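Order as written gives the chain letters A, B, C and D; numbering starts at 1 within each chain.
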Amino acid sequence: MAITKVWIEEGCIVCNACEAECPDVFHVTEESCHIKGDSRKDGRESENRDEKAELKADLQSSLEASIVAAAAACPVEVIKYDQVASADAPGSAEPAAAPAVIASPAPVAVAPEGAPTAAPAVDADIENAVDAALGTTGNTAAPVPAPSAAPRPVAAATPPDPPAANPAKPRVTKVWIEDGCIVCNACEADSPEVFHVTETTCMIKPGVRLDGKESENRVEKNGLKPEDGERLITSIITASKGCPVDVIKYEVLGDAPVVEAKPHDAAEVAAGPFVLDYKAAPNRQVVMPKTVPLPSLHTYQEEQKAAVAADGAKWAKQQADFETAKAKALAEGKDAPKPPVRAVPKKNENDMEFPAPSEAKDPDLLHLTDLLDGKVSQAFEQSGELILQVHPDGLIETLMFCKGDASLRYEMLVDQTATHYPAAEGFAFSVVYQLISISRHKRLRVRVLVKEGQDLESAVEIYPSANWMEREIYDMFGIRFTGHPDMTRILCPEDWEGHPLRKEYPTLGWGQRDIDFREDRSGVLMRMALEKAGNMGINLKVPKAD
Amino acid sequence: MEKLLVNIGQNLFVLFGLLAVGGAGVLIFSKSAVHSVIGFLFSMICVAGCFLSLQAEFLGVAQLLVYAGGIVVLFLFVVMLVELTKYQEKGIFQTQTKFAIPLVGAGLLIFGGVFRAALFGASAEDALTLQQGLVGATENLGNAQAVSRGLFANFILPFEILSVILLVALVGAIVLAKSERV
Amino acid sequence: MTPTLIQYLVISLLQIVAVLGFVMTLVPLLTFAERKVIGYVQVRLGATRVAGGLWGAQRGRTHQSRTITGGLNGFMWWLGKWPVISILRGLPMFIADALKLLTKEDIVPTDADKAVFVLSPALAMVAAFTVFAAISFSPGALFYFPAKFPFLGGLPFNGFLTDINVGLLFILGVASVGVYGIVLGAWASNSKYPLLGGLRSAAQIVSYEVPLTLSLLVPVVLTGSLNFNEMSTRMAADVPVNGLVGIGRSLLMFVGFFVYTTCGFAETNRTPFDLAEAENELVAGFHTEYSGMKFSFFFLSEYASMITVSALASAFFLGGHYLLPFGLQPAWNHFFQHSPYAILAWTCTPSILWFLLKIFFLLFVFLWVRATLPRYRYDQLMNVGWKFLIPYTLVMFVIAALLRYAA
Amino acid sequence: MFKTEEMEINLGPQHPSTHGVLRVKLHLDGETVVRCVPMIGYLHRGVEKICENKTFFQGQVWTDRTDYVASVSNNLGWAEGVEKLFGITVPRRAHYIRTMLTELNRITSHLLWLGTHALDIGAMTVFLYAFREREEILSIFEAFCGARLTTTAFRIGGLREDIPPGLEKQVRAFQARFLDCIEEYETLLTENRIWKKRTIGVALLNAEDAIALGVTGPVLRAAGSTYDIRKVFPYAAYAEMDFDVPTQTAGDTYARYLVRLEEMRQAHRIVNQCLDGLPEGPVMAKLPKVLKSEVNEVYHAIEAPKGELGYYFVGEKGGVNPYRMHIRAPSFINLQALPKMVEGRLLADVIAAIGTLDVVLGEVDR
């Protein structure tokens, strides 16, 4: 296919959109838009309205895509063009597409003067027919998606018969956003493939649109790609129903399915402790940890034993293999294979040695284990630190002993914090209390394991310094402490949702997204960014080599 | 013009007097207590102006220093600290209107009579001068000396009685404040 | 020759213009001096330039010298090359300051009592400037209009506006009205920090007025006059040095001077008594909500009252228009009055020069103290006022009366 | 008819004397503080969460931003905490250089405290004098690592580079005049009547309350305790240093002032010792290219200028990020003591108390 002629009808608003899309052909002056002399056969530069001079032959097909895009981008739709199928164009590789267009009287379409240009937009059947015709070629990967955005005047011409139209399947032909969007994200939650909520408005995504642009589609009412319109019909209707201000409009071909609107009220959000609706915000996906890095002497010893056993088994297997190989070789009269050498553990050349946990030898730990009598689940030493893990029931008792016992005298609770272990079975959090004895120069860590939703007893009575630290733990993890004088959030605002240091809490905020300008083909995001930044008087056109 | 300037003292006296009355009006009729105090202050300053225009500098300045600089500040202090809007709503203030109106009428009548007698009566013909006994003494003295001689020589008894009354008021204030506090 | 009434009024007007002009120039210069003095104490340069242009930069003209302040900056930069006058670099700061305050947005809080809010800076300003009506900068005529001068030929131009015989009381009375500016402004802002600042300030000024007045009464009792000119004249000439009494008088004046200066610092809300606007506690104290011109009125009145306090101190304690302070002038006069050297004889006569020099020195002390001392706490301030200064001044007053009796 | 009413006033979050975005809700009776509720979180950036999503090397950068006044101390805490988690041995020379820089950082932190605290109380000049010396130390940091405030000075396992040539001279030049500078501050403040009036007996916190509330650092030592992590649990090269732990018994603002001044002198001593005894050798331990942690959990505390700065790490097997990282921020815990210090006192004492606690809101909120 190729475009032979381009001209500008009256009513240009000098918006620069065409030049942005196709700078080779269009040149926007202060009063009007011109077709450049470089691209015209007669070499003149004008609006080309009366003369309708042809484009240069070599440019006819190469600039096709951009001219079509420019015509589609024109907000007042004054850019018109003649489109013909040319034999040497790459479009000829599309057998299904070519007949569809050729079937129409060539040149495809020139709207008669005074023909209604806005009216066809509602004529869903006709456009659907064209779309359906083109839709069959959807998978043949036309190099540019633009040609399928047939010029609007085509509606006035005789429509071609759809060769493979399938009216049985209902689909959405168009969807657009009226004025009044409140940027509530509900539509994106329902149908993330179609809607894209920015900071100021809601957009229809380029991926599903025929013209491949991202905008509100309010003025242009561009059609959806047929296959997407078919596939996403339910979600689009859901989004439209779910829109609290009812600004999402759509046109359906065929019978629209009956869809219930999803409620998007605050009740849903506040239902659980923290709603993890990944569909609602795919950008907030969280990779949950798989392991439980809770240091424990018991587990470590098991691991070591298992490692030794595995090593032994491997060695035994190697030897057995060697024996069989040797026997086989002897039997076949070959040379015996080399006997295996037991692998020496790799020598550690780094100044780094893992501090392995060891049995509790410190008198404090032993003394506490005696005192608490069965409430201690573990006591060990690691990295020169004393660790005592107790049952949640015995926590207050432990702390009282630590502070009050004459031979312990841990006067100060320096730190208290928690860790979330979502992958663990039987518990969800560990809460650690770092104690120091100022008089005896010793440190001790008391650890309790807490289940999800389980409350701990507050240590404020024993150690007043626990006050803010427990509030912080509540704020960050949602573990409540009974008997605390003021169990409120401390760092986050009172109405904050979720507890940030839990592992399932995402690191991206609601509505936060990574903008990749490389994907910004139509320049919408770039233009918006520029608008936001204000007109800085910088020429943003890419400089040309010539 | 010339006449106006020659009689400047007299004219200023009238002017300040009227302004003082205006300030007193603000004091009475203002809705806001602070505005009342401002009106009071204005009135006091104008009274001082009256004294000054009569060439009683010491009295004028003392008026400024004591009333404007000291007493009204304390009024303002109290008025600012008490949240009056609340009491206004409760109707604690301005409850005495029905007594005040007849009282003011009576006062106007009485003082009007006095003023009338003073201004247009027989005694209006006499010159407004100091007492005969003081006239000779003030000739070579400043204003302050004249006043002090009047206070501490001629009127020592009323002066001392006044100071006792003030002392009583002072003690009373302290007692009230203490009981409020405890 | 005595002037006619009209001539008298015209001359008075001229004098008012002269005094106001003097004070209005001195105040901005004082702010510049403040920057420089405190800068010097704090091992930094203080103001050296005025930043930016007034309007040139916005139009895209980048060259500094085309803007007004830019041109001044260029000039001042050139000044900086010369050794002594380089201290004047940054002098345009006082113009820029004034311009800034004039052109700043004038904000009135929504819930403020608008009338009072507008009134109170004016009140503070009027009180601070009316005081100068009674301050005598020079005894007698400053100069006489030349005989050929139209209308006013041969008439004296005085160094004072009025010669009230209760000048001191007038100053105190008018100055005490200044507190309303602060209190009402604070109240009218309808904000908590200003209210606290206003209350502090009112309590502070009311309580420090007592020792201030009492300490000023010491020289009044010693000389027996409330008049500005007469005070220094009597101090210098009339009261003879009389052995022990003379020494006692000088000592008393010396102590009285320090007490008075302390009270003066409190009266003007300067460090270490600047609790009304203690920016570290009350954000900006009573003028937190003020901006633009209204703020500058408060600012001006504070600096004007600094000048007042300095003028009073120099007139009543430091000998006023005479050279020596604390009533030492008679002794000096005794030796040098008839000295053959003209310069020495001249030091025995009153002059506006001495008076201004003393004022400037005291103003410098204000700045010096600000750079050096921390701030008192509110209750400590009240303690100092009521428990120390008032008893001290009372004792001084009694001693002064005894000395007067003895003399 | 009239009864007294409490006035509720918000000190902050934007206030000249709250040293950041601290908001203190005060109930005043006249000017007496009846109730004081510190409200924090205005600067909460979720540093702990961020560090859980960064590698051990990347996370260190964030520690600069917690207590931005004492970033070198924070770096040291992080580096040593990670080294403890992995069991890394750091060369002795690196320890010495780390100690020296940390002590210089202690001086800058205390100088900033001194300047701002004096400014709060109304003494302007000390601020400028203190900043004069602080600038000099910051240039030393700049010479060492290129940054003045957010240094990220150390690497896990030692230092990235040895000290540059000329740094020693620069440090010695500073050391030579610093003691005189402290004298200068003292002439302005120590015997100043007003300063003493404003600080003696103000914001009292005795040792018992301080320990109960978890208060550490100079505030605790000014109440009589000798608890100093550099002595009690020596780290870096402190075991080899000869220095005293200054203490006072009064537990008021003045005592804290004296303690911090003396700490600057002791820091000066330590820096001198580090310079004199600087050993030869490498500054970086041999480490694998990628640090992968084992299952371990450590709490490492150092004596930051403001008190005990603890880093709590949980490592998961094969993880390059900390599974959990928690900062025990001294400012956060010390700020808890504010109501205890000021209730029943005057409004101006709140300012003095906030100043004397020496909180940095970046660290309080993290």
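In this text, contacts are C-beta pairs under 8 Å (C-beta built on N, C-alpha and C of every residue); 3 or more make two chains touch, one makes a residue touch a chain.
Note that the structure is a prediction, hence the values are computed from the model and not measured.
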Between the pairs A-D and C-D, the one where more C-beta pairs touch: A-D
Innermost chain, where centres are averages of C-alpha coordinates: D
Separation of subunit B from subunit D, taking each centre as the mean of its C-alpha atoms, in whole Å: 63
Centre-to-centre distance between subunit D and subunit A (centres being mean Cα positions), rounded to whole Å: 40
Inter-centroid spacing, subunit C versus subunit A (mean Cα positions, whole Å): 69
Distance from the mean Cα position of subunit D to that of subunit C, given in whole angstrom: 45
Subunit A - residues contacting subunit D, complex: 289, 291, 293-295, 299-300, 349-355, 382-385, 387, 411-415, 417, 419-420, 432, 434, 438, 441, 443, 445, 463-465, 467-469, 472, 476, 489-493, 500-501, 505, 507
Parts of subunit D lying in touch with subunit A, wherever the complex brings them together: 40-41, 44, 46, 48-50, 53, 84-90, 157, 211-216, 225, 227, 232-233, 285-288, 294-299, 301, 308, 310, 312, 314-317, 319, 323-324, 326, 328, 332-333, 335-336, 365-366
Residue numbers on subunit C that touch subunit D, as the complex places them: 38, 41-44, 192-193, 196, 200, 271-272, 274, 278-281, 283, 370-380
Interface residues, subunit B side, partner subunit C - complex: 2, 5-6, 32, 34-35, 38, 41, 45, 48, 57-58, 61-65, 68-70, 72-74, 76-77, 80-81, 142-144
Touching residues on subunit C, where the partner in the complex is subunit B: 5-6, 9, 113, 115-116, 119, 164-166, 169-170, 172-177, 179-180, 183-184, 187-188, 195, 198-199, 202-203, 206, 209, 225-227
